[in-house]
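The letters A, B, C, D, E and F name the chains in turn, as written, and every chain counts its residues from 1.
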Amino acid sequence: MRPSKRDFDEMRAISFERGVSKHAEGSCLVKFGDTHVLCTASLEEKVPSWLRNAGKGWVTAEYGMLPRSTGDRMRREAASGKQGGRTLEIQRLIGRSLRAVVDLQALGERQITVDCDVIQADGGTRTASITGAWVALYDCLRWMETRQMITLQKVLKDHVAAISCGIHDGHPVLDLDYLEDSSAGTDANFVMTGTGGIVEIQGTAEGEPFTEEQFATLMGLARKGITRLVDLQKMAVN
Amino acid sequence: MRPSKRDFDEMRAISFERGVSKHAEGSCLVKFGDTHVLCTASLEEKVPSWLRNAGKGWVTAEYGMLPRSTGDRMRREAASGKQGGRTLEIQRLIGRSLRAVVDLQALGERQITVDCDVIQADGGTRTASITGAWVALYDCLRWMETRQMITLQKVLKDHVAAISCGIHDGHPVLDLDYLEDSSAGTDANFVMTGTGGIVEIQGTAEGEPFTEEQFATLMGLARKGITRLVDLQKMAVN
Amino acid sequence: MRPSKRDFDEMRAISFERGVSKHAEGSCLVKFGDTHVLCTASLEEKVPSWLRNAGKGWVTAEYGMLPRSTGDRMRREAASGKQGGRTLEIQRLIGRSLRAVVDLQALGERQITVDCDVIQADGGTRTASITGAWVALYDCLRWMETRQMITLQKVLKDHVAAISCGIHDGHPVLDLDYLEDSSAGTDANFVMTGTGGIVEIQGTAEGEPFTEEQFATLMGLARKGITRLVDLQKMAVN
Amino acid sequence: MRPSKRDFDEMRAISFERGVSKHAEGSCLVKFGDTHVLCTASLEEKVPSWLRNAGKGWVTAEYGMLPRSTGDRMRREAASGKQGGRTLEIQRLIGRSLRAVVDLQALGERQITVDCDVIQADGGTRTASITGAWVALYDCLRWMETRQMITLQKVLKDHVAAISCGIHDGHPVLDLDYLEDSSAGTDANFVMTGTGGIVEIQGTAEGEPFTEEQFATLMGLARKGITRLVDLQKMAVN
Amino acid sequence: MRPSKRDFDEMRAISFERGVSKHAEGSCLVKFGDTHVLCTASLEEKVPSWLRNAGKGWVTAEYGMLPRSTGDRMRREAASGKQGGRTLEIQRLIGRSLRAVVDLQALGERQITVDCDVIQADGGTRTASITGAWVALYDCLRWMETRQMITLQKVLKDHVAAISCGIHDGHPVLDLDYLEDSSAGTDANFVMTGTGGIVEIQGTAEGEPFTEEQFATLMGLARKGITRLVDLQKMAVN
Amino acid sequence: MRPSKRDFDEMRAISFERGVSKHAEGSCLVKFGDTHVLCTASLEEKVPSWLRNAGKGWVTAEYGMLPRSTGDRMRREAASGKQGGRTLEIQRLIGRSLRAVVDLQALGERQITVDCDVIQADGGTRTASITGAWVALYDCLRWMETRQMITLQKVLKDHVAAISCGIHDGHPVLDLDYLEDSSAGTDANFVMTGTGGIVEIQGTAEGEPFTEEQFATLMGLARKGITRLVDLQKMAVN
């Protein structure tokens, strides 16, 4: 029995609320149970200096947690004067995941920055961020299409979504919440596209090393979860 | 006519949503029209080092804006490596305002940090922060009272709320939104208690200097607005 | 009786020493009693990047305290790696106050930076800084006029000066020194022009909130003090 | 044909040079072809503050690249004032990998820091670092055993080594050098123990997403490589 | 002929103004011509952590330049977020020079920090700082002696003073001002005690390397200058 | 008797290993006994912004120590967020020393950065760095000559090398190792050219001040040592 009482392959309640920001070109408040992430996509008509005059655009991401999004209040990164290693690692992952389904040439010389700010955390903030960021990006691109700046279909090649799996008390389970994550022996994050391609895999043995068989089981669970997430994204943007 | 079409002494729609955070001891999502600030109060059983063994507690505040809470995306302060002058100025103001109505002796050797994070900005973020922070602080103290840690009445001596006024197009107006604020000649922020005492006054001539009479008119408007805000706080916590 | 034995409306001995810097285009060592601030105005033939090609100039200020300007040695901000919130707040205030009396268009595409460095502190460093900065700015503009770069009268529209007031032991008093400031219940800073317009008001209740009547009394005191400061500025630059 | 002319499952020449530091308790210069990493293990008789009095020790790692270890000179991180996201990510990975095979209880209240400094880079610096860090750690623990501080067997539970794989020009290949890495469509790093347990998996699609089958092939290659690396570690420490 | 019209072995007008700070235990405004440095000595009843319980004290120095102490305004180090290499180098030199004539054991477990802040610069700021710092330190120790904390004679073993020399237009000259320094081929700073011992020598060829003979000439000049400086110090503290 | 058992004028075993970096245009692993410094020279086809369009190039240096190059592990400067005063001082010294023998006009509008990274420290890291940096620079310039970019003879005007001397236990000795350095009363570093010109002198009394005679003796020793170092450089590059 999981602490969350969910079935081993049962995800938390997932929801996407679009258009939550008055200002952003695209925005989405994504919830994976009690994990709530506000994703906003911001368009700028310029690219990073290292990409200037390369005839293509860029999609990047930033990630942050509100100080009391967590059980104990964390120190504000702006106050401590730097972003921690975990923050940098996650925002690099979100950016890579989004770029895997974007045609940067078709985007043109522009940059879209997706900010993923964790309003409330209960495990799985990076997977919720990726999954919600796609929706915010979609809306930003639709906003651009409405203004004849791009063709959405050409720029956004596929869906991308992410989910965590883990071995909890010896059993492979899907979509860990904080309590499960804290006590899981193995923790893995999978990022996949709507057509089933794998974009990113990260698996870590917190305690005992894991076997190839265990990892294959986790990947099977992840595939199931991501298929569902992509369905939910499709419903959300229709 | 104000850009917002409001009467000269009409505030925006104000609302307080309590208990919005699963983790914080007290929390409040305050809205002044399109300005939305998430306030969380976090209790720690320790005080800053300079207050150790002084037999009293501390209340402090931190302030931040999500990068795309504004019309144009701002650089994330955690990424730029420091909090700007405006941020520091505002969080010092929020902290002073709250401490004006708290009996630190009665609080005991503990610290409460109120984080005010601007989810969406449309002018008046500092006044909304102070007004909402009081509600989050109230709930945190109630949480403590429930656990027999303090007597709420003894610690929280009064309400505190804040509002901005300005001279727009020659006319004194209450509760400026971003558009009005940008074009206002004079901008003033008032912080007052429930019993009408003044805690903080900040008035700035953006263009032409202003007169004593104009300032008196602004203070009258502010008093009216703050009376209303305190009424709304009372309804919210009942 | 004030700790300083001064009458309630009596300022400290005020003096301006001009031309104290061999290098700066304008400079002034201002003394408000034991508070000594060295103000230098530096001209640069360039504007901040956000103002480029806007056909106007900029006036800005920086503020600092020597480590042992105070009773206890403070940590050097250059060594701690950042300017504190109080420093940033004060230098923003000085800059705004000066810009209130400058025609930036008439200045042309140039920047004047006024550095206010506190050599010795005894309360009222920000008001002394503003009052002395005006003199340094005046001399810088005269330097420019001598070189046919501008017409002083067109660029500098008015005087600007500042003074603090407070409620000490129940009595409103003018121009607080450090001892009085430390024990004052309410502390207010006023910035006004030579023609009596108000540029900036900052009032803070350190202990008990204050009333509108008390604040009006403080403003009356301030007006008297600033009238005197402007007279002294006039004598100094003649 | 690989750019390196190696067979698809052929690693570069691997070597471990032990005892290269006069000062460190354990040290190893590891070479994976032209990738050279100096690993030193430093023992301190104290633990991080968050682990104090927990009756166990800690093993951590730091990673750095000499400015001209790469084809183009990189900016020195000490000069730029912070460690980049990639650096933080890699040193966190090295630390986790080592801790997976260490019994922290048996280590006692001490910290071992393994510094991995890249002297020359040609791809695979993180996998070389992990593999060489194990040897430096081994020697540090042997140094401690000689001084009757610990029993090496109890503290170090297993070997740990790492290797990269990728899909180059459509073909799965083992141990990518820089040239191959730059043009590889998929890049994966595997960390495994001497008994075959998986400690960490990181797979990234640089261009096209990859399939489960492709990933399984890469894992097979990695297993083969790591078996060989562990054999070489065994020879090195005998 | 020197640009300053001085004789080759003629120093600028030197003066020491003591007691210039209301707060500091010792202070001195030292002038070497147009180079003006404010030196304050601050006593603290604690030592740096690495010296705790060692039964001796510490003397250290900090150095800074006001932004417009120089011909062109320099960026404020507090604003740029770090002290430059030159600043750190000079303050280390001042500290070493002072410690050379202090008996740290006799000082007891206390720290004296001498701040040397350049109010106006015209070459030779480091030598003026050392020479003036000794006077501030003397006064601080006398302040302590008056309070029966130490015996001045036992703590302060000797005078210390410093002077620059250089080869200007082929001729060895004493006490370079900025203009001479900028065009000098060789620049050397000497720190010596009252009894003629050498504490520190720094010689740098800005253009052509220099010879042993030239260096000996410079040292002779320096000795002459420092003898004079020590005489002036003696007159100043009598 | 010296702790190192060397004769008073005997240097440690000196060696230069060239071409140790696959990537750098010039490189040298220099050893002064157990002090090992890796020097790499990196060519860039651009100059610092303050030198742009001046028709000449620049040679600069950076210095770093690996965390466990020393007896106790030092904190990594990249992790602490800044380079210490000693680091900045040394890299400025290396840069000045190299520029003393380079014709920047003949170099053309290019920058060469010589990185000196201390792999293992046993005293004298700055003198080893300068001496080895010259070899790396030589090889970089030869690399450029091969590509017809410059004429080596015109750019590199002379050799430059450095050595430390000190007064140990009352006796002047050459080339101090760490143990000798720690207990030396006086420590001096000399930088000279191949033709015997002096480029830089730094002498510091760690304990008692020293005399002119002592200093002359140290300079004599240094001259002897540097003559030998230049001979070794000549053999190394032939």
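Definition applied: contacts are C-beta pairs under 8 Å (C-beta built on N, C-alpha and C of every residue); 3 or more make two chains touch, one makes a residue touch a chain.
Everything quoted here is computed from the prediction, not taken from an experiment.
Asks: Smallest number of touch links from chain D to reach chain E?
Replies: Each step joins two touching chains, and the minimum needed here is 2.
Asks: Taking each chain's centre as the mean of its CA atoms, which one is most distant from chain D?
Replies: Centroid comparison gives C as the farthest chain from chain D.
Asks: Can we say the copies chain A and chain D touch using the same residue numbers, with more than half in common, or are the two sides different?
Replies: Counting which numbers both chains contribute, over half are shared, so the two copies meet through the same residues.
Asks: Let me spell it out: compute each chain's centre from its C-alpha atoms, then which one is farthest from chain A's centre?
Replies: Centre of mass proxy via C-alpha means gives E as farthest from chain A.
Asks: So the centre of each chain is just the mean of its C-alpha atoms; given that, what is the distance between chain B and chain F in Å?
Replies: About 59 Å, centre to centre.
Asks: How many angstrom lie between the centres of chain A and chain B, each centre taken as the mean Cα position?
Replies: 33
Asks: Mind pulling the chain E residues that touch 2 or more other chains?
Replies: Residues 81-82.
Asks: So that we know how the chains sit together, what is the shape of their touch graph: line, ring, star, complete or other?
Replies: Graph shape, chains as nodes and touching pairs as edges: a ring.
Asks: Since the chains close into one ring, what order do they take if you set off from chain E toward chain F?
Replies: If we begin at chain E and move next to chain F, the sequence is E, F, D, A, B, C.
Asks: Would you pull the chain C residues touching chain E in the complex into a rising list?
Replies: 21-24, 27, 34, 38, 40, 42, 44, 62, 64, 66-71, 73, 76-79, 81-83, 87, 113, 115, 117, 119-120, 122
Asks: Under the definition above, what is the set of chain E residues touching chain F in their complex?
Replies: Against chain F, chain E makes touches at 82, 84-86, 88-89, 91-92, 96, 100, 188, 192-193, 195-205, 208-212, 215-216, 219.
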